[in-house]
Amino acid sequence: MSDTASPAIKKKLSCAIVGATGVAGQQFVEGLQGHPWFTITHLFASERSAGKVYKEAAVWHGEGSHPADIADMVVLSTDDIEREAANIDIFFSALPSETAREIEGRCAAFKPVISTAAAYRYDDDVPILIPEVNADHALLIRKQKERGWKGFVVPGSNCTTVGLAIALKPVMDNFGIKRVIMTSLQALSGAGYPGVASMDILDNVIPYIGKEEEKVKKELVKIIPGTYLVGATCTRVHVRDGHTETVTVETEKPCTPESFMAAVVGFNKKCREQFGPLPSAPNETIVLADGVNRPQPRLDRNTHNGMATVVGRIRTEDVFPNSISFVLLSHNTKRGAALGEILTAEYLYKQGYIA
Amino acid sequence: MSDTASPAIKKKLSCAIVGATGVAGQQFVEGLQGHPWFTITHLFASERSAGKVYKEAAVWHGEGSHPADIADMVVLSTDDIEREAANIDIFFSALPSETAREIEGRCAAFKPVISTAAAYRYDDDVPILIPEVNADHALLIRKQKERGWKGFVVPGSNCTTVGLAIALKPVMDNFGIKRVIMTSLQALSGAGYPGVASMDILDNVIPYIGKEEEKVKKELVKIIPGTYLVGATCTRVHVRDGHTETVTVETEKPCTPESFMAAVVGFNKKCREQFGPLPSAPNETIVLADGVNRPQPRLDRNTHNGMATVVGRIRTEDVFPNSISFVLLSHNTKRGAALGEILTAEYLYKQGYIA
Amino acid sequence: MSDTASPAIKKKLSCAIVGATGVAGQQFVEGLQGHPWFTITHLFASERSAGKVYKEAAVWHGEGSHPADIADMVVLSTDDIEREAANIDIFFSALPSETAREIEGRCAAFKPVISTAAAYRYDDDVPILIPEVNADHALLIRKQKERGWKGFVVPGSNCTTVGLAIALKPVMDNFGIKRVIMTSLQALSGAGYPGVASMDILDNVIPYIGKEEEKVKKELVKIIPGTYLVGATCTRVHVRDGHTETVTVETEKPCTPESFMAAVVGFNKKCREQFGPLPSAPNETIVLADGVNRPQPRLDRNTHNGMATVVGRIRTEDVFPNSISFVLLSHNTKRGAALGEILTAEYLYKQGYIA
Amino acid sequence: MSDTASPAIKKKLSCAIVGATGVAGQQFVEGLQGHPWFTITHLFASERSAGKVYKEAAVWHGEGSHPADIADMVVLSTDDIEREAANIDIFFSALPSETAREIEGRCAAFKPVISTAAAYRYDDDVPILIPEVNADHALLIRKQKERGWKGFVVPGSNCTTVGLAIALKPVMDNFGIKRVIMTSLQALSGAGYPGVASMDILDNVIPYIGKEEEKVKKELVKIIPGTYLVGATCTRVHVRDGHTETVTVETEKPCTPESFMAAVVGFNKKCREQFGPLPSAPNETIVLADGVNRPQPRLDRNTHNGMATVVGRIRTEDVFPNSISFVLLSHNTKRGAALGEILTAEYLYKQGYIA
């Protein structure tokens, strides 16, 4: 991040994190440290945490401990949202699915809400926004006015969808997509905390993640219209962070590894032009992995601060008339959660959706 | 195993293990313990081990230690194969690929060789035999007489192919196969010992296994003719034993989960009739996993002594006009290596190929 | 186990498992399969499970699935204990600590209770019984009559104490013990299920287990009087089953590796004479590990069905005038829980404490 | 690191890395990136690598890939050491033990050698230097002139010794040390690459590391004279980086947790005064862990860039008349290897030993 990215920023926007004490909320706290445009001014959590200082309300799950400037901030109850809304420019929501719909709605009545929760993802007037893939879907936001909201809700996609959507975007644009078959090898952090029991995953693979496959299919076709023939098998493996996905795409037009890589280069260029000035945008949206046995989660997940989608093992197999196969890696708690939503907020701010 | 399976066996067949000191050789030693038809009479290994007793020549990789009755057997040099051949009924070969072609050929000049090595797999007169799938390919053995051999070589398939071939057999027979897309999550023991460095796989996935994907494709189409449209991505995960594979098959005819399961039941019945009396045959060739999140390597790999292929997550996705998707688990060092070859030897013996 | 061990057994004793649906309860279910003297006739659990058949009430945590003959047994409410007590010969309790004191007391009012719970461990009239170490403490049981109980409660020790007590017994008897310094590297299954979160232990060690060190000290001195100078550091490592402990003992008299090993041989002999006929007694109580880098949990934890304490790395360091150092391994969910308690029940039965 | 630490540095010292392509050598490459005083000008390796550019000679084991400014540097043969010595100010040696004695001697004939190898550690005229602990031992260097060397050799300690020595230093200075009993839970990276096989450590502990215990004892008493009663058990656990050690010290004088912590604070202050200006010195030499279950390798190993020794679980047990017990964590490939040696070089440079 660089302060010079936006010399025009006079005063940082006030950000509230809703659901601030959980793992996902902590990732927003971490991701907003030193942000050139945004500053955390409010932390909201459930009744149980309200009134405590943050370092006492939240057991810190990251390395080290609670960022110093947030550690002593008093956590507010979500009951106080309406009272505080006037002093807040953006709500970042890391709420669990049970409470997200109600509370995000209450926030959106006043201000923009950027969310990692699924509550509104499948509503017709709500875009699932990944700036590099479907920035134009931001137009949907206006329809949300009809709900009587002054603000709006923009959720990000599921952490398994985001890397897939990014990798498929240049395929769709250049070769067309007939069908996609994907197997994910997902990291433990995707299940939250405490999440997966150690006894369940030591020396093991769990070949099923509840509702994950349905989410991937439903979200992908909403983000990249036309991708309606999708097979997905989602598994959990013994990795802390970083979702690996093996992907085979049947394309409309011939696609070679070379032409796919060229398409990626073009896509990256376009992304850099359009989103490069955003503080959280990765240098390259898609990084072509170097080495026949890459990407690997431990080695590649932090590429460009965990915001890049790393793609390797690019090859064409003789399984379809036209196709391309590859393996991708996407950091599920960075690109796939808080950092991805921060990028979305940066984009919406620059486009004027957030005042 | 049950002694009563074959009351007619008067005298056990003398078995030699070639490459007896390595991990794969040890699995033959373990797998033949208490076998009702076969008994180990010879252990062959390289010059380095020859002349030592087995317990000193081989660092034991299994639980516990060297089986008591083999521990003090003197290891012979492979130079002595010709001299000893007259006293041997079957050679079980666990040789590394570098030496397998030459040494197995020298054994086959005299006697049957059942092998885990790939050296002869792709020769035209050599079947890759999985009894339940392509027992009829055993006829090819006769052609090997033209090499001037009194014996023959019958290799098993790669440990990643065997479970896939077994699971696809009832699909092919009942619904026809157009194309197959498979991702494997393979166990560490598949790489032998020392194999994968701990620093490479801790908190990681390695999305590439050298030559594995080519082997799967080449072997599958030889074992099940017609399966020539195959996409395969082979990965290594943090699991000790048991290869998991996610599979999507486009079928010629409509295939529902119910009709697939019925086909499996029929297949199991046929296998039981044909191979049931063989001591190493699993009770059910394919076990339908119980539970939405199964099969799992740690929980299911030892089903029927590691000889069953466990299949779960059976479903039809809307990705092809006709298709079936599932996850399978096969024990790579049991069904996929020594125990699988012992079953093949049992079959060939009952069919009269081994005298 | 062998049926011939006790030809005099006419009718198996009726056993009730209290807390039957949890992990510890399941280990009793597993451990009693095929037992020559004992048979499971009652399963008790909380209100939530009562009335369901076992396979529906308990998610099975072992390999495979619920033992066939227990799978369809109806789980009873602990409210029914008094009603059923007349038909029960032994209660095996696997209750969580919160409820153990009350419910075990209600059981003991009628019949013997053998327990893995800590509730009564530290009461003056209650022995913490490890037959090979302090069989004579069984006499304490008579004092429990003063509670007005027809039965009694005999708990086993904590899973970290049992292997330590066994390994120290021949040291105490032959060399005297001045002080003990122990570090444990404990398995995940010791924390129950779901227990340790995978995100907490992947690529990690947790150097603290709540109350564990206090328990070890308090129990050890009760089981082996005189061991009051004990230092203990209990850690959690990335191992599924099997607690490893590094131990240095300052002895009263000189102790060499040779004399320690001779003491172990003598101890084993005495144990075999005294406890050999018990179905669950290990062949050797202490197994001297073979190999400079043993015992190792994965390789050695199942020695003698997980009932042996495996001791290796025996050496004298120049840290005390007289001392012996070693590493021990004890299976925490077998010897350290259900199987250990079953052995205790066998002993008490043979001694006439259980009618 | 901060450039301002030493405003007087006009020209950076030329550093050669000997054994530059191995894992330990790569850690020097990584550790010297952006160093304010030192710059890498020479890379030496064996014949096999000589003549290649670094990125082709060395498979990179760190995150990301070879540092850009080193990637294309041509690796020299160790045969060229004498020819190049005039252009080199410091040799950093990461040689394997087999070759270290000969090659380091050839380097020392001309220039200072700071080494991670054990080759010279136990020679009488060679200090094992840990600046914060035994800076005064640097005086020994002068004796090395008697070897006819213009330079000298200063090795660091074994990676298991360094954290222990640091933690014991304030104990010795304030309370006196009678005896020490230590158990280490060591990381996989301590065994180099490929090092420990994944099949050996998955779901396992290896309770023995060849020669490690002897090294710890021999080195500790050389670094902190008087620590001759030491018991050590060294084990390997499933952790990538960071050695955990449980320590019990019998002290001469009474030592409470409070007085120990006060001693640490005093020690840190002294270290800061003496070594604070060195670029690689940690902010605090010993960090007192925050939380009852710390230090933990994954959470704490990178404290102060992996240069701090993190100490927690401080308590007095009733096992000795006077004693203190604690758990320490030290990053084995940072403080315990390259970064530790770089700190030593910085110290020797400031003291005028390196010109």
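A, B, C and D label the chains in the order they appear, each numbered from 1.
Please note the rule applied: contacts are C-beta pairs under 8 Å (C-beta built on N, C-alpha and C of every residue); 3 or more make two chains touch, one makes a residue touch a chain.
A quick note: this is a predicted structure, and the numbers were derived from the prediction, not measured.
Counting C-beta pairs in contact across B-D and across B-C gives the higher total for B-D. Of all chains, D has its CA centroid at the greatest distance from the CA centroid of subunit B. With centres taken as mean Cα positions, subunit C sits 40 Å from subunit B.
Distance between subunit B and subunit D, defined via averaged C-alpha coordinates, is recorded as 48 Å. Residue positions 202-203, 238, 240, 298-299 of subunit B each touch two or more of the other chains. Contact residues on subunit B toward subunit D in their complex (touch as defined above): 61, 188-189, 193-203, 238, 240.
Remark: subunit D residues 179-181, 183, 185, 202-208, 228-233, 235, 237-240, 244, 246, 248, 292-299, 312-313, 317-320, 323, 325, 327 touch subunit C in the complex.
Those residues of subunit C lying in contact with subunit B across their complex are 63-65, 202-203, 290, 298-299, 302-303.
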